[in-house]
Amino acid sequence: MSGDFATLALALADSAAAFHRRGWMLGTSGNLSAVVSRDPLRLAITRSGVDKGALTPAQVLEVDEAGKVLRGEGKASDETSLHVEIVRKRGAGSVLHTHSVWGTILSDAHAKAGGLTLEGYEMLKGLAGVRTHAHREWLPVLANTQDYGALVNEIAGTLDRQPEAHGLMLAGHGLYTWGRDAAEAKRHVEILEFLFEVRGRLLLAGRG
Amino acid sequence: MSGDFATLALALADSAAAFHRRGWMLGTSGNLSAVVSRDPLRLAITRSGVDKGALTPAQVLEVDEAGKVLRGEGKASDETSLHVEIVRKRGAGSVLHTHSVWGTILSDAHAKAGGLTLEGYEMLKGLAGVRTHAHREWLPVLANTQDYGALVNEIAGTLDRQPEAHGLMLAGHGLYTWGRDAAEAKRHVEILEFLFEVRGRLLLAGRG
Amino acid sequence: MSGDFATLALALADSAAAFHRRGWMLGTSGNLSAVVSRDPLRLAITRSGVDKGALTPAQVLEVDEAGKVLRGEGKASDETSLHVEIVRKRGAGSVLHTHSVWGTILSDAHAKAGGLTLEGYEMLKGLAGVRTHAHREWLPVLANTQDYGALVNEIAGTLDRQPEAHGLMLAGHGLYTWGRDAAEAKRHVEILEFLFEVRGRLLLAGRG
Amino acid sequence: MSGDFATLALALADSAAAFHRRGWMLGTSGNLSAVVSRDPLRLAITRSGVDKGALTPAQVLEVDEAGKVLRGEGKASDETSLHVEIVRKRGAGSVLHTHSVWGTILSDAHAKAGGLTLEGYEMLKGLAGVRTHAHREWLPVLANTQDYGALVNEIAGTLDRQPEAHGLMLAGHGLYTWGRDAAEAKRHVEILEFLFEVRGRLLLAGRG
């Protein structure tokens, strides 16, 4: 659930390149983290304002739980506090945040309802602990805001109320998901983004 | 119709990378096999739970007809029995299983009807033995289940009743197709996934 | 307008890989040719039945105007006679034939009308000799058939009646386009496939 | 805001390859520039008529403010005067022009209204100086024309009236955007093209 900084930085840079290629992290959007140590809490996290299509391991920073940079140059992402909160609440080893076209459309459409249900898809079995396509995944959608302090509290409350959720969305913004380690978190991104495309296409066809 | 294990493992790893790139095998979804020998029956098959975007030949296992691992480390896919059944019923040299967005949408939409007809497309000539676009391909769609024993029987019955079918779908899940060898099976995936996109787009536009 | 066989074979293999990557030539679909010499007429043309995602220059054949293989192993494409006819009628140096999802949908939808008009797009300026987006391109759509003799005659008549056309489509099948050389023909594929996607999306939205 | 010619030529060639891969610069469409020096004004700009999928740094020219070629072989793009005008009016260090499917559809649909508003998307924060998703971006859409003299005047007037705009569109043609340097301009392309896809999909679904 934690690991060598250099290995984690490389894994995050690989994921950034892969997500950028799929259009899930265009421009400087999104941010990726992994736990270096738990006590004290140290995260490897992508630097703020970096082009995700050209992110190198040297642009991954090590930060403490307050977002203070301990290794590397530049500023940590403004959303570092959200990553820290998810690591704490879920015991996650990695937190990944993507911005996709379908995630944007779907989160906007389900913002009023506060979330959406994903159910009946074999692909759900790619989520940790899920054993059947009959699984019912409730994915919370929170309103977007630039007030990260308030958002951390919102996310904390949501994670408490929805202990089974494998991810959450911010409306018009994108997906946060996590996993035991960087590989599991990456798998969760692929699973959930796949299902966003399925559901987004159905929604726009009036079948969702 | 069968071949050297190392060559087959490399071909399956190449196909996994190609299908992952197209979004037909995201996360750990899908599994791929090829026949190493027929008597006794030995399959090269992708290991369970492996990220298909980074699958290496070393993650391809050799298994017997009961799914027992004879070469390589890890567990064979839960769906090994489905591969074995298709190899037996069709004399296939390779069985490939993909999960695409359009396959998911289309199989769900046609689950009640038990299948869909593909007809009038030049692309159909890419299926083994098909000589004209006027060919009428009935693609069975079976209900999805986690009871693989029952599913093996369902598939066996379907293949008996539809001796001409080049593939079958599981609803909300994806495509199984096969071929004389790994190259023909890969071609069948490309042909059928292409036609799923054509028909899926027409369906969502109310023209399918 | 003609060239060294090895150079042309390499250019065609590069185009096959590029078109396969975009999903315009999946499986064994499509075929590509370029003129080696005009008198006597010799074409470099992709071998029949080859996976277009892995086509090598060694799989490009040299054929005469009757489709007889003069260099390389294997059979020339069944559609060689169509390439020869277009080379003759248009003085083309290269003829390229792709099968895309949007080309399939659009050609089926416009088959009854016998063609479609592309007009008002800046992208049209990428077609040889076109100087303004106000250009009106009529793209003939012919019925698909497996009778290549009849189809050659249909194409010849169409090219005579539509001397300005930069390409033509076969319904449910795909695009034929051509150019002075392999590079211009490739550019025409990209331009026309781009416009097929624009028009196909509008069509399925009820705006086309 | 300006830089070494060889470095800029390489950056523009890299962007051309990346945009071509995404289908935003097919055929010979689009053109890219960056400022080499401001006084006198010198631009690095992509050569006219070059395949954007294979553009090399050697196909980037150095031109003066009148479009006269000072370094490299071939003709500068016809649209050089538009790049020069944007550099002057905005003090931009790089101007990028792409042709995408969604940009084509969206610019046509909003041509009558003279522009479109992008608002409420987190992705907007990728635009220089934007601090919140609540930002309201008005993107002007001008009629397309082959009269570049008139178009330069139109663009100049538009930039004066809309000093906050980060880009503008030509109807049925594509996007012009810019930035302090080649990296920022590239980021703006990715942000705006992402939002075009979001809005284009909503539009065609009758939700835009």
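To keep things simple, chains are lettered A, B, C and D as they appear, and every chain counts its residues starting from 1.
Following the convention adopted for this analysis, a contact is a pair of C-beta atoms (placed from the backbone, for glycine too) under 8 Å apart; a residue touches a chain by one contact, two chains touch by 3 or more.
Source: prediction; values computed, not measured.
Visitor: At the chain C/chain D interface, shared numbers over all numbers used: above half (same) or below half (different)?
Guide: different
Visitor: Please report how far chain A has to rotate so that its Cα atoms sit on those of chain D, a copy of the same sequence, as a value between 0 and 180° in steps of 5.
Guide: My answer is 90 degrees for the C-alpha fit.
Visitor: Report, in whole Å, the distance between the mean C-alpha point of chain A and the mean C-alpha point of chain B.
Guide: It comes to 31 Å between the two C-alpha centres.
Visitor: What whole-Å value do you get for the distance between chain B and chain D if each is reduced to the mean of its CA atoms?
Guide: A distance of 44 Å separates the two centres.
Visitor: Which positions in chain A touch two or more other chains at once?
Guide: Counting only residues that touch two or more other chains, chain A contributes 204-205.
Visitor: Quick check: in the complex, which residue numbers of chain A touch chain B?
Guide: 18, 22, 120-123, 126, 131-134, 183, 186-188, 190-191, 193-194, 197-198, 201-202, 204-205, 207
Visitor: In the complex of these two chains, what residues of chain A are touching chain D?
Guide: Going through chain A, the ones touching chain D are 23, 26-29, 51, 53, 99, 101, 104-105, 108, 144, 146, 170, 172-174, 204-206.
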